[in-house]
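Each of the next two complexes has chain A plus one more chain, namely chain B in the first and chain C in the second.
Our next item is the complex of A and B:
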């Protein structure tokens, strides 16, 4: 969300109002995602046929419908489904024949580590390059950064991944092209970050995901820095003859919060793009699971992934707004 | 216009034209089984060891000329991207103008819906809609309808952005004097919307369409790469790259590399054109470094 909109929203209802509205919006997103997930599990597939067979008599089918509770109104079934989902019961995966929640829990550490490691690559690099370019508007380096970010948004994530595989796995044979070898189990959390082999396998996928997010961070940091430098109080500070580094400090102070908030929000999008990265590198996380579920038309698993993704987005957006609020004194009235 | 942009647009325009006119430009018809020979399978590019004319960029596993297959694939990618963007634009414009003109609870519900969908990244929505369409279609029709389903999925992932722009523009246009005058003369509401509000909404919508078109092309390629979009029988660029990626470890780099390069050139050209268009539409932004 842009700084301007957040300022206006905060001014309209105060900080508490803003947080409440955000929570309400989050609940709405979860409700919509839940309804869609329920619709998927209702529409995709015929549990009656799965239970009694396609050639069963109408009486058998009617009995099965009642046994499964399918004769009850859709709203009641949705409430049942939502209640179970809130309790962590997302049903059985048709493909794996294990609870969806369990399948997701097994795969979440792989995705979480991938996203975090990629962010550790991309955020410092993007902030440094973007701020550097923003401080020198019109310079060759700044124009170069703009051109590079245009190229960056034009290269699809999977092409980045394939190019890295071609160079580092096929030609140089330095790093593995797929899988997640060298994991260590630590209290139910399978981690790649404790062995050299684990780092070798996470490096290429994390780099791919990092290169995906870099242009956005760079562009934003560049634009916000340039905008902050053009502000009245910076021009005043310079006109007054204050040392350049003082002006700079004031400029970065107002450029930082929106960049940090947007970067945090971006972490949510990373979960979506990890679907692509995980598929390219056969990384056994939630993204690959989602894709395999879509391919196999595994409705309960698709529904479960959707609920998990929506929950992550809501949580990340909320944290990003709160961080923005904490960092930007203009928002606290 | 900046020289970098000119270069980028030129880089994308030529391949785009070649793709659109593929049936007349391509050296071979890759869908004509009579023209294919398995003896030509997996030929490297003509300049490499073992390559030969007329297969300038090499061939794939079925002996199809890669350049021809790429041009046809690029054509499919461009057409799907155009159809998806048109669908998103049409749906978004309809929802946005209706919401902006109606106001009240309908406006609130429609815009809240758009906001909720915007929380999720477009590609996730597109994968999901695509998966849902596959689940609902009978297995026999899945391959036949895979391409329309892809366009539908991308279009449905796009509409909220169009709806928001359309609503904002419609709200401004609806307060203009000529709209009030039209109302006083007793024109019916739909005519006012169509003749007097829509023209003012069209410009920002078309600018947004230019921005979203390359994203739609990338979304199409991504879906096809993931195996959800165009089927191998009528490959798009994404399908070709997926098939090529299976050959990378066999040393046959060209099957994935050339379609990838074409895809990036097309996306870069479209992105550069959109950037130039946006700068023109909004002189305020272009003045900012």
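Our next item is the complex of A and C:
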């Protein structure tokens, strides 16, 4: 075996090892999130009272406990619950009287579309503005962008949302203030991206989420670009007479991995927790469902939201790690 | 012969600071000129001016740089483009930072050859391989596909040289090209540069703070001080009969192999450090990872109170691992490490070892306060002032932060902090290898004096035999994770028994003032 092939084989082993480690860590995170979710469903509310009423006799309550399986040890019940959850059964929502998994599946498309549309606004704009500002860190425009983005990072989402509603829905009456209208069912996926009415209703919440993400992306892209551009290897590239555009390409390649990783992780967080935006706009996604479940002390639904959020976090982080691995040879050993 | 490059009364200013202040020099075609001087003398600013790459806010404020019928001092940016890489190339100080970490060596070479020499992909690849071979890299074909982090420090510097040669320049400007290498690596790299210049008829401006190294491979030496060239001449003259007082001081500061080293005092008292059959590997239990080779094998050393031991060896021989084990920062996999009393460390990177947000006074006060070492009743402040004075820092140093100090002064702060804990053993890991020779000499003298006054034992780690010789009566030579030779410094220098010791002595002699 030549030395070159040996190096490649070793690198391949390193990658497989890294992916396996990440998968193992993901499983641990899911186990911890599952335990937390189970603990919440144990502590929130009283399923026995819900079943037989608060004024039931002790005998009746004991029967209900046995019927619900609550007399068995907590660990066994957790294993049962985890096994069912692995099979996609997150229990029955106390509030809606339908399976939690079904309720989440109905609401996931709304959230997913909201996040994707907001990312389509925020990521290109944030990357472009951040890179532009990073290429000329001392300029007035760059300093202005940095200051404005600091303001943007500090303004809470609900303020942005309410301001957009005030301007575009109340004053100008261009767009609806809330709800998700104009949806079309397509193979079990209810989409609002196929009608003009649907787009009208998604624009304001998506813009709100985009304005929440954009400043962070801009700031990170600006900082990473400026740092990459100051690197010694860029100076050396210029000293070799390489054209400025090539030097910039080298700089952007170094700047890309951390920006991609942070942006991807941020997207995962949005899918999991667009709670505030969805509440402000009464957008029927998983975030609004979570809040409604908390208000109704719907323990299985809350637990289901938590498990879904953890699963999305783990998956998105794994994808971000793989992207980082593909981009940066230093991680490949 | 008309000179290839002629610098007349050059001035470069950074804001109000005049980095180059009326420097003049000439380089003939094919000539190797060494530009020596302390850090801050203006050498790098002068080199940057040759390529029109002075970092802002610096700019040329006067004088001329005549090259190829052009005056580079007034040349606009567009005028530099045909020169950079093709007529004047540069090799930078830190090869690890000079290569794009995200691209393979081959990709970087091929890109440069295609853009600057107009080669097609296939010929560019063949030329890239030839350049790597010319720069002395083993297995050039395999090197092409490797990313920089898979190369050793010396290999990276050779890859940087290959990139610099890609445009077949007439003048190579090398700014401290050996700063990151050990003594053997330095000698090999300077020999390579000399051979390349001879083979290609290429001139070189070789910048360095090491006068001896400069003299060993240059045709002529120019000495720079405070922005001016104070002396120029053949290497023998500069080393043996320097005319400028500053050059004389610098030549005298060179650590010499033949200098009488410190006399070994009769070791007293108990051992403060004993390593017994220590083995170490950085293996971690992990899936699908090949078992790494042992870093240390069967290392045994001991130090008594007040004794100093020089631990010498090439890069990667395991010296720093021994230092970390001795300090308790690592645990051995096999064998035993016994310590008596407090152990303190001084690191190579003084700036990196000091918190930039703390003042020198706070840095030194921390161990005094936390280890409750100040005499009862004596305020910490007084103890800090005594320590700063002991390491030769001015009284107002306590209020300033690390960035406000020079490299040598930072190392003094680090030494004061170590002394604050009243160590029984001081471990110094390459404490002077980032410093220029005159500063190095002062720091070494300081360590020797403090040791004599305070009686701590010292484990002095260095790749430089001459430096070890200057502070340690006894040496231990390491190679590939083992101690291959131990004994009095004089005996090892006069009659090295192991191959590793012989190589170190030969490298040190090649670099030493003749």
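Please note the rule applied: the second predicted complex is superposed on the first by the 318 of 333 C-alpha atoms of A that agree within 3 Å, B and C clash if a C-alpha of one lies under 4 Å from a C-alpha of the other, contacts with A are read in each partner's own complex, and residues count from 1 in each chain.
Here is the rule we go by: a residue touches a chain if its C-beta (ideal position, glycine included) is under 8 Å from a C-beta of that chain, and two chains touch if they have at least 3 such contacts.
Remember, it's a predicted structure, so these values are computed and weren't measured experimentally.
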{"item": "Which superposed partner A:28 touches (first chain B, second chain C, both, neither)", "value": "first"}
{"item": "Comparison of chain B and chain C by chain A residues contacted", "value": "B"}
{"item": "Touching partner for A:236 - first (chain B), second (chain C), both, neither", "value": "second"}
{"item": "Which superposed partner A:20 touches (first chain B, second chain C, both, neither)", "value": "second"}
{"item": "Which superposed partner A:124 touches (first chain B, second chain C, both, neither)", "value": "neither"}
{"item": "Contacts of A:142 with chain B and chain C, given as first, second, both or neither", "value": "first"}
{"item": "Footprint of chain B on chain A - complex, ascending", "value": "25, 28-29, 32-33, 36, 40, 43-45, 134, 137-138, 142-143, 147, 150-151, 153-159, 162-163, 165-166, 170, 177, 223, 226-227, 268-269, 272-273, 275-276, 279-280, 290-291, 293-295, 297, 299, 302, 306, 309-310, 313-314, 317"}
{"item": "Of chain C, residues touching chain A in the complex", "value": "51, 53, 81-86, 89-90, 92, 94, 97-104, 111-112, 115-116, 139, 141-142, 145-147, 149-150, 160, 163-164, 166-167, 286-290"}
{"item": "Chain C-touching residues of chain A, taken from the complex the two chains share", "value": "2-4, 7, 10, 13-14, 16-17, 20-21, 231-233, 235-243, 246, 250, 253-254, 327-330"}
{"item": "Contacting residues of chain B [partner chain A, same complex]", "value": "2, 4, 8, 112-113, 115-116, 119-121, 123-124, 127-128, 130-132, 134-136, 214, 218, 221-222, 225-228, 241, 245, 248-249, 251, 253, 256-257, 260, 263-264, 267-268, 271-272, 275, 288-289"}
